[in-house]
Amino acid sequence: MTVDQIIFLVIAAGTLIAAFRVVTTGNLIHAAFWLIAALFGVAAIFAILHASFLAVVQVVVYIGAISMLFIFAVMLTRKDMRDQGPQLNRNWGFGAFLAALAFAGLVFLVHGWSGVAKTASAFPSDFDAVGALGNALVSPDAYVLPFEVASVLLVAALIGAVYVAYNRK
Amino acid sequence: MDFLKDPLKVAADWLLGIFSGWGMPDLWAQVLIGFLGIFILVALLMVLDIFLVWIERKVVSRFQSRIGPNRLGPFGLIQPFADIIKLLIKEDTTPEGADRTLYNLAPILSMMSVLILWAVVPLAPSILGVDLNIGVLYIIAAGAIGTLSIIMAGWSSNNKYSLIGAFREAAVMLSFEIPMLTVMLIPTIFAGSMGIGAITQAQDTWNFFLAPLAAVIFLIAAIAELGRSPFDMGEAESELVSGYNIEYSGMKFGMFYAGELLHAFTFGGFWAILFFGGYRFFGLEQVSAFLAIAILFFKAFIGYWIIMWVKYTLLRIRIDHMLAFNWKFLTPVAFVLLMTTALMNALLADASNWLYIGGMFLSNILVAWISLEVARSASRWERERVEGTGYAARRTE
Amino acid sequence: MVPLSWYLIFSAALFSIGLFGVLSRRNLIAILLGIELMLNSVNVNLAAFWRYGDVTNITGQVFAVIVFAVAAAEVSVGLALVISVYRKRNTVIADEIDMLKF
Amino acid sequence: MSSWVYIGLFLLVGLIIPVGAIVAAWVLAPKKSNPIKQTTYECGIETVGDSWVQFKAQYYIFALVFLIFDVETVFLFPWAVKLNSLGMFAVIEGIVFILILIVGLVYTWRKGMLEWV
């Protein structure tokens, strides 16, 4: 086993443990902090994959913004945070079964697929991933439409969410 | 001569020779050398941090017509060391009902979020730090960890004041990140890269002359990001005692305090790097790496001094004014400036160098002037509406 | 070198844990936390396929960035709904929000 | 060797040094705790109630606006990197992108949702 593999396994195990704590912890604030740990682990996975931009965006967007939103929302609905009885619903056994089934199915699919034998190719010497991303996002024959539509989507989400959450007196 | 030009490489080669002499594999030797180098850099930063305490106290005392620390050693230079001894031997209490893990983790994360910023600081032409091609976003990512540590400290202390302080501080820090991110796009446009090293190298003309308004907005957002006066909402002594760090004592409080000072200095440094050419100063940086580091630190200290000047001159702003200032003035101005810069950059792409600089400078001044005029007429409108005079009042009747 | 299958199995595990959270938690916010885990596992897959395919073809990263935007939109609207429901019904337990049942 | 290894080392050192300082203080400092010392600080008077504070929805609104703008700005970074080589069309696209964004800000502002009180 090489060093990369050990690093990957350590990070992956830590991320999965954190993710497991997210779905099992009773205290919601703790669940949010465990989520942050899991997201940080995913950012490290991106770094191992040499997807620098995604790794940093993961920290900026998920840890810096989305998890803050979660913590703020938990604080706003905090009366329900403790002494609420079981945190899992009646059918949690069925949920666990479905999740295990999904995992088994996905592993089966991965196992049967011939593409997994692929190895990562080396980067071309002057390859600039961020520059390539910029080119792809704004050149007319690539992803310019998703780029603009993402803007519309976010504005729609902003307007809708602010309208729903706003406390009209 | 080689050592003066590129001390890091000479030292690394020397150490690599020693380590491989011991029979260490090449990869491990390199990792160990990297670790040692980073450890020395961070340790030096902590020493610098100790002196920042002294500088801060001396400067604030001059602003307030006092002398400041002057008993221990020449000019009171030994004073910060006495402070450290006091922090070390002070009893560390944990409040009842505190969430111990998070309570202990928060000061560590707070310090760490500042220390990891130095990973991307280009100290000299030969010492670019970790030259990530996403350096600008890395600064924001480290800031996200800082915000997280504040929330952690506030929540885990089990104290009303610290919770309120942490949430106010977080709201302010989050809000001011937007203009900061936006103006960081402007040096990125000029350099054509997000790498901090590339941004420094691209500044044949300081970015300040190309985007003076962006530099000002960055400084304001940085001060808010640091949580220093006039944006020290998290600490607000008169209302919240000490804000998010109220329950901390001893070295844990010391971590927050030292982290804040080093953070301020670091942002002075980033201001210098993004808008004032970093280590560059009329080719002097090519003479020796040490000279380049000295230039960078000199510029960083000027930035730090301006941050202190603002802190000890202005009073704290009310939180609603603060957020309104950000969302209703700073953010729109930053976006308008970004659009103007992008447009001018494309229009002046083929122009001569002087025309390019002049056009950029004038467009910045124009945006600043127009936005100030708009803000002034809006506030006059508001004042007349409240006072019941003028056109606004007549229209609403 | 880490084999591609490890990334895929890791993301499958992350997805399944998220799915378990979505199906079994009672608290609405906890359900949204589970959805975040699922979206992240998708991103890991996209990044891994980019790295192990043709790296000059940036499509995987573009998709991942779009997923970030979608996640942001999802979480903002979702939590706004939770807060709105909490204000009206004073609960964030999914079982108790049964206004549409009758 | 990837530059992320150095970032990892920085994270490690950034953890070690504060932990070392806090552990040193823990070793050196006296430990004479009593229930009075451990009470929550509230300006010297008896603590009233627990630390539960009802926050207002305004915190959430600001975090929400921040989240949307954060994601949008992140989208703009790849655009800004390539701006010099892409020409006028890309500039117009970016400006349209920002203008759509500003529509959202203006809406929130006009509806009075950016007011703190």
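Labels for the chains are A, B, C and D, by order of writing; each one numbers its residues from 1.
The rule is simple: a contact is a pair of C-beta atoms (placed from the backbone, for glycine too) under 8 Å apart; a residue touches a chain by one contact, two chains touch by 3 or more.
Worth saying up front: this structure is predicted, and the values here are computed from it rather than measured.
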Middle chain, criterion being Cα centroid separation: D
Chain whose average C-alpha position is farthest from chain B's own: C
Pair sharing more residue contacts (C-beta pairs) when A-B is set against B-D: B-D
Computed distance of Cα centres, chain B from chain A, in Å: 28
For chain B paired with chain D, centre-to-centre distance based on mean C-alpha positions, whole Å: 14
Centre-of-Cα separation between chain C and chain A, whole angstrom: 6
Inter-chain centre distance, chain C versus chain D - centres from mean C-alpha coordinates, in Å: 21
For chain B, residues that touch 2 or more chains besides their own: 27, 132, 134, 137, 167, 174, 177, 193-194
Touching two or more other chains - residues of chain D: 7, 55, 57, 59-60, 63-68, 70-71, 74-75, 77, 80-83, 94, 101
Chain C, residues touching no fewer than two other chains: 65, 68-69, 72-73, 75-76, 79-80, 83, 87
Set of all touching chain pairs, with the criterion as stated earlier: A-B, A-C, A-D, B-D, C-D
Footprint of chain A on chain B - complex, ascending: 27, 102, 132-134, 137-138, 140-141, 143-145, 147-148, 151-152, 155, 167, 170, 174, 177, 193-194
Chain A residues within the chain C interface of the complex: 2, 4-5, 8, 12, 15-16, 19-20, 22-23, 28, 31-32, 35, 38-39, 42, 45-46, 48-51, 53-54, 57-58, 61-62, 65-66, 69-70, 73-74, 76-77, 79-80, 84, 86-89, 91-92, 94-96, 98-100, 102-103, 106-107, 110-111, 115-121, 123-124, 127, 129, 132-133, 135-137, 142-143, 146, 150, 153-154, 156-158, 160-162, 164-165, 167
Touching residues on chain B, where the partner in the complex is chain D: 27, 30-31, 34-35, 38-39, 42-43, 46, 87-97, 104, 107-108, 111-112, 115-116, 118-119, 130-132, 134, 136-137, 157-161, 163-164, 167, 171, 174-175, 177-178, 181-182, 185, 188-189, 192-194, 241, 246-247, 250-252, 254-255, 319-320, 323-324, 327-328, 331-332, 335, 338-339, 342-343, 345-346, 349
Chain D - residues contacting chain A, complex: 2, 4, 7-8, 52, 54-57, 59-61, 63-68, 70-72, 74-75, 77-83, 86, 89-90, 93-94, 96-97, 100-101, 103-104, 107-108, 111, 113
Touching residues on chain C, where the partner in the complex is chain A: 1-10, 12-27, 29-30, 32-34, 36-37, 40, 43-44, 47-48, 50-56, 58-59, 61-62, 64-66, 68-77, 79-84, 86-87, 90-95
